[in-house]
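Two complexes, one shared chain (subunit A), two partners (subunit B, subunit C).
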Partner chain A sequence: MIYAYAICEPATAAALSRRRGLGGAALRALQREGIAAVYSRHRSLQPRPTAKLVMAHERVVEAVMARGAVLPLRFGTQLGDEDRLAAVLAARRRELLHALDRVRGHVELGLRVIREPDRRTDGGAGERSGRDYLLARVGDHRSAELAARELHAPLAALADASVVRDHAAPPDILVAAYLVDVSRVPDFRRCADELAARQERLRVLVTGPWPPYSFAAVERR
Partner chain B sequence: MGAVQLRRRQAGGDMSDRGARLTTQRDIDLVEILDRALGAGIVITGDVTLSLADVDLVYLSLRLVVGSVPTIRGEPADEVHTLAAGAVDPR
Partner chain C sequence: MRIEGDREDVARGLAQLVLTLVELLRQLMERQAIRRVEAGGLGDDEIERLGQALIALEQRMEELKEDFGLTDEELNFNLGSFENFFGETDPKQ
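Coming up: the complex of A and B.
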């Protein structure tokens, strides 16, 4: 059984041979026609999403990212053997190469917009009527529209691609990710800072740089 | 107020004297990483072996972790920021 971490270029994968993956397993590289996968071999593996294992996955992906373009794989990607992995690389070669081109020289930055706690309805005696709750949800909806217009839109203009997560759970108002050229990261941060300074009711968190998880998926043709 | 800018790695050493903030920042990193590693990234096989229940469990415990560290110190102001984990999109 093998566990796969990321797709990259062959030269990038070859530079990782001394690093370790899940459970301390040696990292290996498999390459087929100009595309490579980073993986490790396991006698048995049940990659439950504990913080420790997800961080081990993340460290491998970031090590690949430090050396070249990377397409992170979803945590928990297992295949029967190298032949299966090689077959995936062969079958999806063109779209994977296309996706690598898209993320090369870019990083993912994250935006998390959080509602200011409302002292009238949050906390206090801890008693909230149904009406208070509904008002809070209506307020969240308006805040999300405001955040999309005043924060997300101008930031998206600085990015090559952006995605807004479907389900932001309170107190998150808006969660988004941006694919940003490495050279534009300082501009992006400065812009986010200026935009955030104009917001009174919303807190703004900019995170990253991350491997381009949110932009690795490729449209299947 | 300005954005809370989390610069990962680069901040490294100069944060070691701020234990509380370091802990909190690590929690935020974990939220962001779980969001991405479990909810995004390419799926190349039908054998991604996570059940919805697994993911929910992680998020539940994570919410508890983050919830137990209710304040984040802004940089450089002393504003208090609260944060909770977002919901994963378990596609």
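Coming up: the complex of A and C.
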């Protein structure tokens, strides 16, 4: 049983030999025609997403990111053996090389737009009908969503790619990820700060830099 | 006296935690109702009933907050800010 952390270039993987993966397992690299996968061997492994294991996975991915372009694999990616891993690398070689090119020199930044709790000025529900109340909430939600979209657009323009998540969970009104050139990260943060300062009822949280999880596109389909 | 004081703090802390979760659930239900309205296909009766249910939820929440002497700020303190749980993930904030 092997557990895979990330796809990268062979030179990047070679620099990782002294680091440890899940459960302290030695990190290994498998190379095929200009592409490498970073993985560890396990006799048996049922990786539950505990904070400790997720952090161990993340640390490996970040170590790869510090050394070169990385396509992070989702936590819990397991394969039967090295042959299977090699087969995946071979079968998807062109796609992986293209994805590595795309993320090279880039990081992922996250955006969370959070709605401040409503300050009801109408004195609460009072004697309004259920319909009025619900439609008022729909209106509030729409205007908050519109404002959040206006925050997103200029940030997306600073990024090479962006993804807006479907159905952000409350209190978030919008959750998005951006693939940003490392040199533009300060601009991105400044832009987000300026946009946030103009908003009264929305709180803006920029997170990262993260490995480009949202732009790796190497999950099994 | 000190023990009594501590006990009160614990009770208040627990109430704050529970009500924060209840408030999060209330917001989830409200969001769900908004989506259903936006998706269309709800009859007038259903919209009225959903709205009434949300009004009742909000009123009950207000009562609970008053009972425990908690403000909106105290309930929303941790909502939406994961850095409170994972302080190291985002040192910039």
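Criterion: the second predicted complex is superposed on the first by the 191 of 221 C-alpha atoms of A that agree within 3 Å, B and C clash if a C-alpha of one lies under 4 Å from a C-alpha of the other, contacts with A are read in each partner's own complex, and residues count from 1 in each chain.
Convention: a contact is a pair of C-beta atoms (placed from the backbone, for glycine too) under 8 Å apart; a residue touches a chain by one contact, two chains touch by 3 or more.
Worth saying up front: this structure is predicted, and the values here are computed from it rather than measured.
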{"item": "Partner chain(s) touched by A:92 [first = subunit B, second = subunit C, both, neither]", "value": "first"}
{"item": "Subunit B versus subunit C as contact partner of A:192, first or second or both or neither", "value": "first"}
{"item": "Partner chain(s) touched by A:217 [first = subunit B, second = subunit C, both, neither]", "value": "first"}
{"item": "Partner chain(s) touched by A:132 [first = subunit B, second = subunit C, both, neither]", "value": "second"}
{"item": "Partner chain(s) touched by A:46 [first = subunit B, second = subunit C, both, neither]", "value": "first"}
{"item": "Contacts of A:171 with subunit B and subunit C, given as first, second, both or neither", "value": "both"}
{"item": "Touching partner for A:141 - first (subunit B), second (subunit C), both, neither", "value": "second"}
{"item": "Superposed model, subunit A: greater residue contact from subunit B or subunit C", "value": "B"}
{"item": "Touching both subunit C and subunit B, counted on subunit A across the two superposed complexes", "value": "51, 112, 114, 117, 167, 169-172, 189, 203, 205-208"}
{"item": "In the complex, subunit A residues that touch subunit B", "value": "4, 7, 46-51, 54-55, 57-58, 61, 71-79, 84, 88, 92, 99, 108, 110, 112, 114, 117, 165-172, 175, 177, 189, 192-197, 199, 203-211, 213-214, 216-218"}
{"item": "Sites on subunit A touched by subunit C in the complex", "value": "51, 112, 114, 116-117, 124-125, 128-135, 137-138, 141, 167, 169-172, 189, 203, 205-208"}
{"item": "Residues on subunit B engaged by subunit A in the complex (per definition of touch)", "value": "1-6, 8, 28-30, 32-45, 47-50, 54-55, 58, 62, 81-87, 89"}
{"item": "Footprint of subunit A on subunit C - complex, ascending", "value": "24, 27-28, 30-31, 33-35, 37-38, 44, 47-55, 58-59, 62, 72, 75-76, 79-81, 86, 89-90, 92-93"}
